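Take this structure first; my questions come after.
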Amino acid sequence: MKMARAVMSEIKRDHIHKLLAKGRRVDNRAWDEFRPISIQPGFSETAEGSARVRIGNTDVLVGVKMTVGEPFADTPNKGVLSTNAELIPLASPTFESGPPDEHSIELARVVDRGIRESQMVDLEAMCIEPEKEVWIMFTDIYVLDYDGNLFDAAFLGAVAALKNTIVPAKDNDKGEDFPLPIRHFPMSVTAVQIENSILVDPTLDEEKVAEARLTVTTDENGDLRAMQKGLAGALTLDQVYKVIETSQRLGNDLRKLIG
Amino acid sequence: MKMARAVMSEIKRDHIHKLLAKGRRVDNRAWDEFRPISIQPGFSETAEGSARVRIGNTDVLVGVKMTVGEPFADTPNKGVLSTNAELIPLASPTFESGPPDEHSIELARVVDRGIRESQMVDLEAMCIEPEKEVWIMFTDIYVLDYDGNLFDAAFLGAVAALKNTIVPAKDNDKGEDFPLPIRHFPMSVTAVQIENSILVDPTLDEEKVAEARLTVTTDENGDLRAMQKGLAGALTLDQVYKVIETSQRLGNDLRKLIG
Amino acid sequence: MKMARAVMSEIKRDHIHKLLAKGRRVDNRAWDEFRPISIQPGFSETAEGSARVRIGNTDVLVGVKMTVGEPFADTPNKGVLSTNAELIPLASPTFESGPPDEHSIELARVVDRGIRESQMVDLEAMCIEPEKEVWIMFTDIYVLDYDGNLFDAAFLGAVAALKNTIVPAKDNDKGEDFPLPIRHFPMSVTAVQIENSILVDPTLDEEKVAEARLTVTTDENGDLRAMQKGLAGALTLDQVYKVIETSQRLGNDLRKLIG
Amino acid sequence: MKLISDDGIRYDGRKVDELRPIRIEAGVLKRADGSAYVEFGKNKVLAAVYGPRECHPRHMQNPAKAIVQCKYNMIAFSVGDRKRPGPDRRSVEISKIISEALDYVVFTENFPRTSIDVYIEVLQANAGTRCAGPTAASVALADAGIPMKDLVPSVAVGKVNDQVVLDLQKEEDNYGQADLPIAMIPRTGEILLMQMDGHMTRAEFDRAIELGVGACKRIYDIQKDALARRYTVEKTEEEPAEEAPSEQEG
Amino acid sequence: MKLISDDGIRYDGRKVDELRPIRIEAGVLKRADGSAYVEFGKNKVLAAVYGPRECHPRHMQNPAKAIVQCKYNMIAFSVGDRKRPGPDRRSVEISKIISEALDYVVFTENFPRTSIDVYIEVLQANAGTRCAGPTAASVALADAGIPMKDLVPSVAVGKVNDQVVLDLQKEEDNYGQADLPIAMIPRTGEILLMQMDGHMTRAEFDRAIELGVGACKRIYDIQKDALARRYTVEKTEEEPAEEAPSEQEG
Amino acid sequence: MKLISDDGIRYDGRKVDELRPIRIEAGVLKRADGSAYVEFGKNKVLAAVYGPRECHPRHMQNPAKAIVQCKYNMIAFSVGDRKRPGPDRRSVEISKIISEALDYVVFTENFPRTSIDVYIEVLQANAGTRCAGPTAASVALADAGIPMKDLVPSVAVGKVNDQVVLDLQKEEDNYGQADLPIAMIPRTGEILLMQMDGHMTRAEFDRAIELGVGACKRIYDIQKDALARRYTVEKTEEEPAEEAPSEQEG
């Protein structure tokens, strides 16, 4: 059975390579085309904010829970962001039970940096009393079905869930409920390099044969907010520039989906 | 050696089945008969209450430690019960070192529910100052020798240990020591189903060939306080009723042992 | 490869045994002679005190970090010592990643006892306010290159690092910085028994064939402060006495290295 | 706390013997070998099945049959206060009793040495998730094409304001007097899962069983209906298409 | 703190060279291959032996001999404040040094590739449990029929109020000036376990060794007596009985 | 916070395009198969390589090539507040991206089924340790004699007070506006590691890349120099000596 799987993956790889040589992808998309995207905001009634995002067959559920707590010593007048990702074994035969592994930690940290560094949430507005009490925001990312490009699905889900979040001030004796103060809408676009071709929004099969991956997060002005190169291959600087420009362009389209 | 063990367990199974067909058990007990029970209250001088219970060769030591702490937010005027079970490798070749596994967690939780749901301990009397200070009761169950029916041995041990507990108020600057306020004496009776026979107080060998297990905890009035079905087999409703009635009946006998 | 290694270790053992029979060691040292020792105090700028110690090829880095915290309930007017040892996989092919194992725990505890029981640091002077605030001293031992006799290298490093420690009072709003108040300079000497010979400061190869190990920590007066016998062999009382006397004698030499 | 009105109407408008609205969908995930989504009132539960597949670690393999390993998990934002990810004692116990219940209905002897892994993720909880779990999981097992004796409907019966009531929701569970979750095979009347805590007289228990058995039959019909719809959809989708070779076929 | 009266009587009434009452019983557990129970004053310690048995994980197997793995553990209510279950750093260290001491007396080369597992559970602690441990464990090894060079009596000597005293109990241990636990083979005088902390002059150390060696001989006699009683009991119990086949024979 | 003076001089006296003093030594450890020590300003980083060696656990073996496993770790006293030993989320991520960068330059296909283990210990940190890491590690790989495409110099570029500056030290990293660590093969211009956070316009990014690429070339020369010195030293040390057989030869 292992042999069969190895042969199968060899055949798939050849198939992808051959099509690429003709400038085509397995599912007939253009190199810079996302799969169909659906966003279901407010999926969860128990979260303060939530969104379920599907990109093709990839399915991600993101929820935001809020609580009142102490600020960090070095940011006494700012709310606290905490991002966690769970690659639960329900979503893929290769995901295992247990504490976050390097894959889910990288995913959570890349999403976290994109949100944090873009200053998407006005964290100063999330301070209740400096040095004493601030709002703590837990963003939990659950992958439900894994068919590639978790970075963009998770990021889109996190942005949509935060946008959708109502701060539970009343239940915490902190006045009236209010929507989370959002300042920017950063968007992340991920591409892979396969035999020197750049492909946006890779499927799982494309990820498996990819040599390098690059995620670029940009804001409304097209400025860079976060980047992450992954996989054990290299990128030329020209490829980096190509992904940056594509991210700026496609980021604007994605931003419209959030509304 | 593995082969030998497999053959051995096949032979044992046949032996148990054959005897059952004649209405007999390996150790000649009646289907609703417990093995000899001994209870040694106050075994431990370092615990606030303790009891060592033997049912046949099964040997369990239960201790209660008390400390002053904060109540749970949702029960601000009640003491806190915490029950833990340790299946230490000293007690059986199949027990392993390490954090509680599913077997010890199930055991602890079933004992805990039997004590908690029967309202055995007057938890309100264990409040020192509402929302601030209450008594925390740790009940620790250690299995020393494992020959079947841990549920009843552990439960009997927990009830006897709690009955025997002196609250260390003086050492905690909370007035004079006093016995734990006990309101009820729930009793648990466990039976297994083997080839449609119901057998109370199964030995380890009987447990190994059992299809389903049912633990029923009743109070002095014969009312139900907790139940737990286990093992990967089924019970008919008639079998459930039979175990309930047996538990009510034998529970009264067990209760006398506690005194 | 495993076979090769087994044969190799057999040959090494024979080699060591044969030389010992002639009263010699592999590196031509006398039985009571240390390898060359170098001490580099203040290696780390981020630690409050530090020292890098090399004994032959064995290389150990020790750092002291200090923080203000609560005293233990049973020593309300004393600072807190905490000693930890990390056998990081960088230092040896046999060290593994993960939480401290029995070897690093034994190492940390033996060093800790030597420091604690000799009353090297005046812990009462490290109390800021009884029952409220005291200085917490974390001594972290990192093994960088492992070629035997970790006990003495780690102990020497810990003593040198503590001697070198400046209490960061100013940064903690507790007045002016001051050197850690040192009262004694205990020294540890470790020897192994191989075929009834006693060898001080064993190399890794000697440790591998050793039958028993004894570490003796003495103070300036030659009094005993801590001992630890290790390995699965035995020592005669005469061998114990011999190691004690050697420790008293060599301890004085080592003490001079600390200055 | 008064949870049932004098004319027998409950907190959420139901009668004492009324189930919450139930919605079941089979085959909702692409990667899993079988899957199901269940809404049970405000509970939202997703179940996926992988297997039969090689059993790791090896020493858990049974040379005579497959082992059924169920992991029940509540996601972090499925409850009021954020739940820290990872198994707690409650979920370990529930995973165990659901594994045992499912083991009974799977023809495990058909797949020696393998593992059949069932994952239950509670996306939103409102009391009764340990019953929604096997309800979803057995549909997912059927969706995975694993030979089974039958589906496993499950429901909790409880006691609230001294009355026996069917299918407790959150407030009733928090302030009720007893909780009795069961799972059974309606066709044979066999009980696969049974827990109870609280205080029930024997008469109340009998009434509870009566309500529970009836409800399981209704849930069973909804389960079968979900599988029938799934089958219809599959038929419709089965059109020949040029496709890359799929790993599942390997 | 004055722990010894002017006429040399200690906190609990003993003389400086007096042991606490010791009680040893062999063969107290049914499932273990060998077992022993030791009371050493208010210490209550249970030891069990399993093996020689297959060694897991494999990579720990030694092709030339058995490995002796001892786990020393204090149960939650064995001490004043409840101890959280699971190994702490102290018990890891004690497990290591007891394993090493026992390894020396077992003929491990008789059982290559196996593990001999020794479990020491401290049911009640009152100083000296690391000595009661090997005392009990070596009796349990003998009870398991494992070939051994000899038993391993063990005792701690200490220094209290500037006097060298035998077998410290809790108050003496807490407020004493030094602690020196040893384990040895009385017949040969070989030291198998030795730790020391506190402050002792060489003269005090020599006196401590003298007391300890003498005490180990007395403990050794009690160990042998327990095994003799066990043997007698076994003889008495050995009556032919109709019994189900036992797994131990497999 | 003003970190650059009006005449372009930074907090620590450097110009915006100036590297901190760099010192690299190869072959600094005896037990490791290869090693290197790097000082990058106040950063002190030690790297060791073990392998190619048998890969554990087995299921991680790749029948076609070696796997490169890098563990990046900060020691407890490498930073201002004591860091609890053990991996945190940050070090897990850094270990992953360094592993990936190193994997590309090693001829892994030469050593199927093995593991090449790289350990990076940050002894003292002052911003930029994730760049000092691969810089040291690739020298250690070369020192271990492992066939490689090339060395991997690495540096971070950042943005401080609206200016693009090279090689941030701690204060600049804490109060700066952006951070862009890269690792590359200077000869081919291939990027092996690239992260970015903060805020950069495209023009700033281009300037940052320009600075970073130039700096990597300078670091590359220092790396080669360290290996050349190491080679010279080895030659000198290679004198025949009577020695015990060494395990490394086995």
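Order as written gives the chain letters A, B, C, D, E and F; numbering starts at 1 within each chain.
Quick note on the criterion: a residue touches a chain if its C-beta (ideal position, glycine included) is under 8 Å from a C-beta of that chain, and two chains touch if they have at least 3 such contacts.
Note that the structure is predicted; figures quoted are calculated from it, not measured.
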{"item": "Shortest path length from subunit D to subunit F (each step joins two touching chains)", "value": "2"}
{"item": "Reaching subunit D from subunit C through chains that touch each other, fewest steps", "value": "3"}
{"item": "Mutual neighbours - chains that touch subunit D and subunit E alike", "value": "B"}
{"item": "From subunit E, the most remote chain by mean C-alpha position", "value": "A"}
{"item": "Chain centre separation (subunit B, subunit E; CA means) in Å", "value": "31"}
{"item": "Approximate Å spacing (C-alpha centroids) for the pair subunit A, subunit C", "value": "48"}
{"item": "Centre distance in Å when subunit C and subunit E are each reduced to the mean of their C-alpha atoms", "value": "28"}
{"item": "Distance from the mean Cα position of subunit F to that of subunit B, given in whole angstrom", "value": "58"}
{"item": "For subunit B, residues contacting two or more additional chains", "value": "100"}
{"item": "Contact graph of the chains (line, ring, star, complete, other)", "value": "ring"}
{"item": "Ring order of chains, beginning at subunit C and proceeding to subunit E", "value": "C, E, B, D, A, F"}
{"item": "Sites on subunit D touched by subunit A in the complex", "value": "29-32, 42, 44, 46-48, 50, 53, 71, 73, 75-82, 85-87, 117, 119, 121, 123-125, 244-245, 247, 249-250"}
{"item": "Partner subunit F, residues of subunit C touching it in the complex", "value": "1, 4-5, 7-9, 11-12, 15-16, 26, 43-47, 50, 57, 59, 61, 63-65, 67, 84, 86, 88-93, 97, 99-100, 138, 140, 142, 144-147, 205"}
{"item": "Touching residues (chain side subunit D, partner subunit B) in the complex", "value": "68, 89-90, 92-93, 95-97, 99-101, 103-104, 178, 180, 185, 188-202, 205, 209, 213"}
{"item": "Touching residues on subunit A, where the partner in the complex is subunit F", "value": "100, 102, 105-106, 108-109, 113, 116-118, 214, 219, 222-237, 240, 244, 248"}
